[in-house]
Amino acid sequence: MQLNNVEIEDTFAEAFDIFVSRFLITAATEKFARIAADETVGFGSSVIMCPAEAGIDRYVPPSETPDGRPGYIVMICHPKKDELEHQLLERIGQCVLTSATTAVFDAMGDDAEEKLKVGFKLKFFGDGFESKDEIVGRTVYKVPIMSGDFIIEGELGIKRGVAGGNFFIMAENQASALVAAEVAVDAIENVVGTITPFPGGIVASGSKIGSKYKFMAASTNEKFCPTLRGVEGVVCEVPQEINGIYEIVIDGLGEKEVAAAMKAGISAAVKVPGVKRIYAGNYDGTLGAYQIWLEKLF
Amino acid sequence: MQLNNVEIEDTFAEAFDIFVSRFLITAATEKFARIAADETVGFGSSVIMCPAEAGIDRYVPPSETPDGRPGYIVMICHPKKDELEHQLLERIGQCVLTSATTAVFDAMGDDAEEKLKVGFKLKFFGDGFESKDEIVGRTVYKVPIMSGDFIIEGELGIKRGVAGGNFFIMAENQASALVAAEVAVDAIENVVGTITPFPGGIVASGSKIGSKYKFMAASTNEKFCPTLRGVEGVVCEVPQEINGIYEIVIDGLGEKEVAAAMKAGISAAVKVPGVKRIYAGNYDGTLGAYQIWLEKLF
Amino acid sequence: MQLNNVEIEDTFAEAFDIFVSRFLITAATEKFARIAADETVGFGSSVIMCPAEAGIDRYVPPSETPDGRPGYIVMICHPKKDELEHQLLERIGQCVLTSATTAVFDAMGDDAEEKLKVGFKLKFFGDGFESKDEIVGRTVYKVPIMSGDFIIEGELGIKRGVAGGNFFIMAENQASALVAAEVAVDAIENVVGTITPFPGGIVASGSKIGSKYKFMAASTNEKFCPTLRGVEGVVCEVPQEINGIYEIVIDGLGEKEVAAAMKAGISAAVKVPGVKRIYAGNYDGTLGAYQIWLEKLF
Amino acid sequence: MQLNNVEIEDTFAEAFDIFVSRFLITAATEKFARIAADETVGFGSSVIMCPAEAGIDRYVPPSETPDGRPGYIVMICHPKKDELEHQLLERIGQCVLTSATTAVFDAMGDDAEEKLKVGFKLKFFGDGFESKDEIVGRTVYKVPIMSGDFIIEGELGIKRGVAGGNFFIMAENQASALVAAEVAVDAIENVVGTITPFPGGIVASGSKIGSKYKFMAASTNEKFCPTLRGVEGVVCEVPQEINGIYEIVIDGLGEKEVAAAMKAGISAAVKVPGVKRIYAGNYDGTLGAYQIWLEKLF
């Protein structure tokens, strides 16, 4: 099918199960909430070699947060539940507790399938001077620190979510694909319950599983490298008119959210001049539990 | 002594040895260089529980980079050399290689005490399609990726540097200490060869070694918690007029750079109304190799 | 009354009639929509000496704009209708038409009391090559420019709105008042139909009408200058414990919106440590048509 | 000639005389200095319909400013000297004096051909409570305001500068031209003594003098509109392979600075994939005093 004269390939994104946490970081100002959120989700593009996949879901204005201060909801994801808890303790302990004026609240709410005692465990930083309190019905801990008190909700919810939603933007040159990728990420930012964990939300280097080098678990997907067109030994799958490709990868609370993000991102990307084709990555259905077909999104 | 009517305590910051890497990330635009740098240095505030200490040293305009594109110099630090190499491979592989339009060049230059073959190892992502090239006399590898080619210098220099330079800003309230901390970080940004690895450059939760809880290696430094003033069992060292304290922590290429950053930060912080006192953290000289005395900076 | 231990003075903000325009600037990416919006609303803090009062109302995600691209709604205000039209032609013609990838759509909708033919007039820039078109039921003009086509809706709605909604944040020092002002602006950003036209939304230099110098129509409000406390000839109205004051000024579509913004801003500001008192500016009801009492907001 | 395989047209940019002011805005933090600078230079793209041409020259770190605080140097330009003074009074009075924590210092230094008594005139806002002072040898005025004191140097230097330096980036699509324009602006930011006054530094709608409509002094330059290629009555000068064009316009302290900025911008732009040709705008030498030939830059 075509959308705004851009070819939407008849294929699907293959997505996977992952454990997802979702919590709110508030601070005195939007600036400091953002600083804490950015540090917390950094070094979190892919669990291939990062300790977690992480990103900012959305901004929450002061009128909608438990403590009346501006905040950002972040999501941290990992295939293993105990590793996810470990990441929550490390990332909140080192990147939020240490940030100026911050507090942490659960943002999974009723979607939670399980509660992890993250706040309960981090409160011990208070060395006995910590105390229990309540904010709008939530059990929180107050940990005295040099700049005042750090507040954290006792339990943070997690659930089984979906990772690896994706689509490829193929354009007549790199710049066009890049602008389209930016605008796709802008559009996805507004889909609640999803993150685009790669830097700036964009993947420059889509990979295939395996390599001719035995020590590499993943390597460049040469079939989709425009600069390898015509190189001996490469079965190029990039159409002749395509010279730039970026991939958008999405993790979300569930398949529905990931599909909505894919739809929002593709709808925005096809409006950029020079974009020719939208594609998606899969392993023929052999690996992931979810098949999100591009054409069915529209 | 006093500076702008602010008391500079007669004490010293105790700093430590650490291995430091320093490299340049360039991209098509300043925006994308920044995105890659931010992802690369995220989750990197303190090696207590983060896998590295990391930060952005400075922006480099297109006219001064090897490939004529805008870039950011980042520094990644770790007490152990093999862990530092591991971090370089993971962070560059997952946060720079995956970022749109990026390239990586050594920024340690002649200061390097050793060269790590980071680019040489990451090139294998090219699965045999990578190639060797030269840019202004530097040996680089070209790795074909979906969006074009990723360029990385074969070797990145490291050296023994200094971590844990610090000072405390004590003010009559939290907001005043916070504004002073912001401006101190603004000032330090201009000191080449240093980073402030904590979120936004600011530490909200200075810690002491050990805890009453055996499972905690570090805990809140209750002597410096304004909200614990007068609480039973706390020997409060916070003067009566102080209600907000933030700490700035600095890692650098050497003691000279760390001291210059401390001087620049303190000089800026004392100009903020409400700041009363500058302090520094140490362990009576029992742990770190460096003693940077506040008064000697001026 | 008190809110979070902060005194809310029993007084009112005196607000005025003003003509308000409200339109949407979209662009290929959020970044370029923001650049165009920022340029358009610059030099627009107060009609005392600026050619208009102007600000950004809110961000609109791609899924909610007429052309499916990200955008910002801006408001431009002037006491005189013909001057407002003049400002719209100049600011859109010089700051949006000239900006990369932009389009302009009406955002007043059914609230409009009158429609100005702004797009109809600006289309003549096309020198005869412009054309009429329709986007989701809106009549627009396509003006060919070097980078593609500029799209602008033929008519933009205006209405009688309210200017000069305000409150003062009084704190124990300047930094505390400043942080509280930042967070108040963060909170107001979320109130649809309002802007805070001063730089960063904050007024540092509240003024009184008149001056001892005959050539000055307005001058510093010495009664509210903390540094003039105790100076001969000054009847200081700043309580002893106050050393920093910032004012927030709000323009809006109507009194209801302005009141909602005042409430949101005050609710957020009182949470900042060091804030002691909220005040509002008025002329005893002699000048403006609206009296917004602080206590009635809560 | 060719640069990085991009054709550099054998033509020149025609530039004009203009009066230039250059001053430094400092603030407590980089953020607030930036806010004040942005408001001050807004609505300042072209004197065709804006009251001035204005932009940010560069950031100055705390260690290099008269008051040891972070700041931005801005430039405001106007063809008429008395209009320039008027703009300085309005823009500093309404956009800097009103901004949180700001001060203003001359940044023209020895380059000044004349000194305007801007600070001397603005001090009257103090209504008699203002006072004279000295900061590192500069005569300044202290004006008491609600948030503390506003400091402004008594005299600000101006000189005859050069406006209208320019080049066109022509690319195979709009996105490529846009990314190249971004990176050109990034590069020019580093050339001291120059600004790019249009939104984001980029001109989307290059114009010609005159129009078929008698009431229009300027209109779209149809010869350079890619979407008008092949339209009857249009003598298209856009080569067949070009589908996107952006112009960069530069104002500077002198011809040397403008030429340096053009060189820096072009050198950066030609590195972006899809850029095919660099051009410049002139009126065959009939209007401006300066002819800056593209080929002579290299």
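Order of writing sets the chain letters: A, B, C and D. Residues in each chain are counted from 1.
We adopt the following convention: a residue touches a chain if its C-beta (ideal position, glycine included) is under 8 Å from a C-beta of that chain, and two chains touch if they have at least 3 such contacts.
Computed from a predicted structure; not experimentally measured.
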- Message: Relative to subunit D, which chain's C-alpha centre is the most remote?
- Response: A
- Could you compare the number of C-beta pairs in contact for A-D with that for B-D and name the larger? B-D
- Query: Since subunit A and subunit C are copies that touch, is their contact same (over half of the numbers shared) or different (under half)?
  - Reply: same
- Query: Between subunit A and subunit B, what is the gap in Å from one C-alpha centre to the other?
  - Reply: 25
- Starting from the mean Cα coordinates of subunit B and subunit D, work out the distance between those two points in Å. 34
- Quick one: report the Å distance separating subunit A from subunit D, using the average Cα coordinate of each chain. 39
- Query: Hey, what residues on subunit B touch two or more of the other chains?
  - Reply: 28, 31, 148, 174-175, 178-179, 244, 272-273
- Item | subunit B-facing residues of subunit A, complex | 28, 32, 35-36, 38-46, 48-51, 89-91, 93-102, 124-129, 143-150, 168, 174-175, 177-178, 181, 198-200, 202-208, 211-213, 215-216, 218-222, 224-228, 231, 234, 244-247
- Task: Would you tell me which residues of subunit A are touching subunit C in their complex?
- Result: 28-31, 61-63, 67-70, 148, 179, 182-183, 186-187, 189-190, 264, 267-268, 271-273
- subunit B - residues contacting subunit C, complex: 31, 171-176, 178-180, 243-244, 272-274
